[in-house]
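Okay, so chain A shows up in both of these, paired with chain B first and chain C after.
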Partner chain A sequence: MTWRLVYASEVGTSHAHSGTPCEDSCLAQVDVLPNHQPLLSIFVADGAGSADRGGDGAELAIEAAASFVAKKVAQGEFGLSDSLAADLVSAVRKHIFSRAEAENLAARDFACTFLGVLSTEGGTLVLQVGDGGVVLDVGQGLEVAVVPMTGEYANMTHFVTDEDAVTVLETKQYPDRALKVAAFSDGVQRLALNMATSTPHEPFFAPFFGGMAQATAEQEELLHGLLVKFLGSSPVNERTDDDKTLALAVWTL
Partner chain B sequence: MSEQISFGTDSFADNPEPRCPCVLLLDVSGSMNGRPLDELNAGLQTFREELASDALAMKRVEVGIVTFGPVKVEMPFTGASMFYPPSLQSQGDTPMGAAITQALNMVEDRKRDYRANGISYYRPWVFLITDGAPTDAWQTAAEAVREGEASKKFAFFAVGVKGADMSTLKQISSREPLTLDGLKFRELFSWLSSSLRSVSRSTPNTEVPLEPPKGWAAV
Partner chain C sequence: MSKTLYTSKGNPVGIGREIGKGGEGSVFEVPSLANQVAKIYHKAPDSKKQAKLSFMSSTADAALLKYVAWPQETLHLVPGGPVLGFLMPKVSSRDPVHMVYSPAHRRQGYPKAAWDFLLHVARNIASSFETVHGHGHIIGDVNQNSFMVGRDSTVVLIDSDSFQVNAKGTLHLCEVGVPHFTPPELQSLSSFNGFTRTTNHDNFGLALLLFHVLFGGRHPYSGVPLRSGVGDALENDIKNFRYAYARDNQARGFSPPPRSIPISSLPASLESMFHQAFTEKGATGARPSAQQWVASLDALRAHLRKCSASSMHVYPDHLSGCPWCALERQGVVYFVDLGATYIPTPSGFVLTRAWALIEAVPAPPLYNIPQPVGISVTPKRLPNDMPGDGTVVVYRIIVVAIALAVLATVPALALFVLIGGLFGWAMAGNAGSAARNVERVNRRKTLETARQNYESLVATARRDAGPDGFQARKAQLVKLKEEYERLPVEEKKEIEKLQLTAHQRQMQSFLEKVFIDSANISGIGPTRKAALTSFGIETAADVNRKRVMQVRGFGEALTSTLLDWRASCERRFQFNPAAAASPLDKNAIQIKFAAKRAALESSLSAGPVELQKFCQSAMAQQTALKPLLEAAAREVAQAEADFQLV
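Let's look at the complex of A and B:
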């Protein structure tokens, strides 16, 4: 028993238009802990369009998060707590700041949002700095973990490179394993959430979770291609011209 | 043989588009009579046409018009797709202070409406165009403009047409007021629509760099 994973980032039409690459990055993986239980990690980072190296910042954030998890797994036991979330965000910041310093740039040149989900049999931790979101089911149906973080204006948010990133960091803990998880960047947010009520738009998610649960072993290989195709499809591009990331996990028997 | 797999959705959350509100604060005092007002009216038509050429701007930009004097809400906030510019007639004096206060109140009311309806929005723009000097007390309005700019409640732009009291405009607007080159209202509105188009498609934390006011501002 483990999680089945599919994830992809696709360039937005406005970026494709101006020749800029996709500035979203993401990762989903399952590690096996020393007690033989699986650990799910999902991370999404969205590079700021206003930052010269936002896309690199997003990649660095994912890189740092992956190595943070690898260290924790090697170390063995750890709790999915707020302080772990703060340590993770600090590790991401450290990695970005040291790259910025090495290149004689400011950290804000690498500005990006960062959100993540960690889940084991003993619980689930969601952490988020900036916009984008996490929808999950820990046994009570789909819910939005953290209300999407925006400032007063539609074009404002928080970045992991901001001075106050650890303070604005929002976390949510659940005592149970996550059975379904979707993490996404803000390019997908307005398509997948009812923004006025901060609730998931269930019909958006149902075909993904359903398809993943039902896919045979041979079909599982097709899922990534189908997700990429979906993220680049015209119904999606008619609704957003931003980069799009969707990372999905389903607990399967 | 397993069933064909479908993976993707055709059902999307029906969220309202974020809005990008802009108030035009237009001087229609007696001195604007004749060609200046004709050119201003023609400029408004250009504004409409250029917004209409952009599908996203049509959905997101909202225009309101306040004229002075007397102070009158010529058009409450209207979506670009429903925006048909009125033909402005020249009238009385130049109560610029009261007009600014009216425009700023409209902006705050609009934001309240957006919030009440779960609509996200961009920073509102207030765009003042005048050829004169205020004939009323403008100091309170100027203070409100400066306070609002500092706290990013809105962005306030002032454009002086020939004859405008630029030194008073400087005291009202935190941004350097610009002088219209001749009667190039069409070029001015073309620039404004293109700037609003950039704002209305900007993504988080892109501080939209404004295009230089080329083709209409006198140096």
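Let's look at the complex of A and C:
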């Protein structure tokens, strides 16, 4: 019993035209805790187009988050609490800030958003700084974990490199294991959510979760290719020219 | 562990519960002895240490036991066997001295302790040194964890088994030490093994502890570096005598850290004792002794005063103003007034009556100021050799006469006559003009000086001796009256504001209880924490970008780590609406306004006397100024007449 995972980032058409690489970064993994229970971690970071090194920032964020989780897993017990989320975001910031200092740059040159999901049998924690989103089902159907975050002005968002990142960090805790999780960057947000009501756009998710749940062992290997194909397809590109990241997890028996 | 040990005399001692554990041994309760505990070593001490402990316990006396948890009896597994540990006085309900001198910890643990309490603690620390030194021993490993302070300000030294003990000529050395309590001359020492300490070394640790106690836990060798290479490592700064609070600290490379207590808040005698202890001279053996400190601190205890703003503000009486009020104006609160309860006391002051008395004082009569106009003077004549305006006229008449004569005789030369005539006219006008210009400038200067002198005298007269000054005083009283009348409304407003600021205030007091020294912040270890303490940053509430960036070694990344830590502390805070405006908060405002009210009442009550005094001095001034004004007016009149002439 574990989670079945599939995740991919695809460069947006605007980036493809200008030749810049994809500035989204993401990771989904399942670790086994000392009590033999699986721990799901999903992280998505979206490098700011306005920052010179936004893409690197996103990679650093994912790197720091992965090593934070690895350390926690090695230490053994830990609670999925708000202060864990604050510690995680602080660790991400510390990593980016020391890289910036080493390269004589400002941290904002590495600006990126950051969101993540951690889930065990004992509960689920969602954390988010900036845009993008998490849709999940902890037993009560699909829901949006955190109402999409915008900055002070429209078209502005928060970055994990902002001075007040730990303050603007939004978290949500659930007492149960997440059965379905989708974490995505800004580029996918408009397809995945009914923006007016801040609810999940069910028809968007149904084929993914359905397909993943029903896939046979051989089909599972094809899932990644299908996701990449979908993210690069013209129906998607007609809706957004931004980089697109989608990470999916389904609890399977 | 439940067992029985034996004293050197063979008496059995039942060992109870373990109550503390250290590096070399554990401390146990002794159920049969309420005031004593047993320290038992993890590993049996060697024969030298056994001899040391036997000597110590055989020489325990009342004076030592007053200040030191001194061994009283050695403990043995079997009577006459090797020493396993010892009995010593139980030290309970005391805190290590740093919990008392740290402003943040003191605010929480000892909120009612003012500076006089700290002074008493300092005195008792010095007294503990005096006692140990008096017995021929040296503390050696002086540090902030060995001095335990009680609520009555008494001090008990623990870890006495590490002292350097003089057993009738045989020295038992203290071979440990803490770097930031090690004197400059020993900083290069690679180890204390085999090293014999002196009282002068101890006296450095003593001065350091006293400084910590009296100056809010700051380290005297920590400050704002004035040049590179300074402030990078505390040990190095100690070694180079970089005493940041010294009068000559510029040369030493430091200025005191921001928001610290100025050294001048101590009388000069104590300031120079600290200077002696922390600088080159002290290292040669001249540090003030424990006895000297006790005497000086006791002397200072008899010279304290209390600030009128708060009974928590106690300070040496050589100061003209309250140093704690001065620091509060900079936003640093060392002593919080929580204890005082507001009790409304009718002062008997009635504004209408006080104001009627003020109104009853008549303004001084209008002063008849002597005017320059109408004073008859004789203008000073021009010097005899200087051509006056009359001479010029005579010259010009001659020029015109010549021109007319020439024209009459030779009409053909009309053009030449015109040119020559104009030239001559101008020449005549210039006759003696240079000398006259000089005279004119001089006379104008004299006139201006005379006028300035006169006007300033007039201004003085109006201000100090006339109704203008009186009205200005009265206007100030009117302002005070208006302020007094506004007090009730403002007090009410401020109490209402408590509700609005409740969230922020609760958060603040929550953050004030989150101590950095006990927090686990990635990348911020004991050394960095000590650096923060030296800059007065002790709790999450003290953390902000500007203050942290001032601390040596805190760059962008570390500062942001600390700010993130504060932000995550803030996330843990939960607002309690029920406690939004506590009676304590209201009380604080009422006390503040009572103080304001009392100050205004005393100023207004003093108003009539002040005005009368003004009138009296105005009359005296009028008499004194009259001859001066007359003389000045005459000078103006004279200078005006003189200037007219030239």
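Worth a mention:
Here, the second predicted complex is superposed on the first by the 250 of 253 C-alpha atoms of A that agree within 3 Å, B and C clash if a C-alpha of one lies under 4 Å from a C-alpha of the other, contacts with A are read in each partner's own complex, and residues count from 1 in each chain.
Here is the rule we go by: contacts are C-beta pairs under 8 Å (C-beta built on N, C-alpha and C of every residue); 3 or more make two chains touch, one makes a residue touch a chain.
Please read these numbers as outputs of a predicted model, since none were measured by experiment.
On the superposed chain A, the two partners chain B and chain C both fit, without a clash.
With chain A used for the fit, chain A forms the apex of an angle whose arms reach the C-alpha centres of chain B and chain C; rounded to a multiple of 10, it measures 80°.
In the overlay built on the shared chain, the residue A:Pro207 is in contact with chain B alone; chain C does not reach it. More chain A residues lie in contact with B than with the other chain of the pair chain B and chain C. Once the two complexes are laid over each other on the shared chain, residue contacts for A:Ala107 go to chain C alone; chain B is not touched. Once chain A of one complex is fitted onto chain A of the other, the partner contacts of A:Ser233 are limited to chain B, with no touch recorded for chain C.
In the superposition on chain A, contact of A:Glu77 is made with neither chain B nor chain C. The least CA distance from chain B to chain C in the superposed model is 22 Å. Here chain A touches chain C in the complex through residues 82-83, 86-87, 89-91, 93-94, 97-98, 100-101, 107, 163-167, 169, going by the rule given at the top. Taken together, the chain B residues at the contact with chain A in this complex read 2-3, 5-15, 18, 56, 117-118, 120-123, 152, 199, 201-208.
Residues of chain A that touch chain B in their complex: 6, 14, 46, 48-50, 111, 113, 130-131, 150, 152-157, 159, 186-187, 190-197, 201, 203-208, 211-212, 214-216, 218-219, 222-223, 226-227, 229-230, 233, 235, 239, 241-242.
For chain C in complex with chain A, the residues that touch the partner chain are 522-523, 545, 555-557, 560-561, 563-565, 567-568, 570-572.
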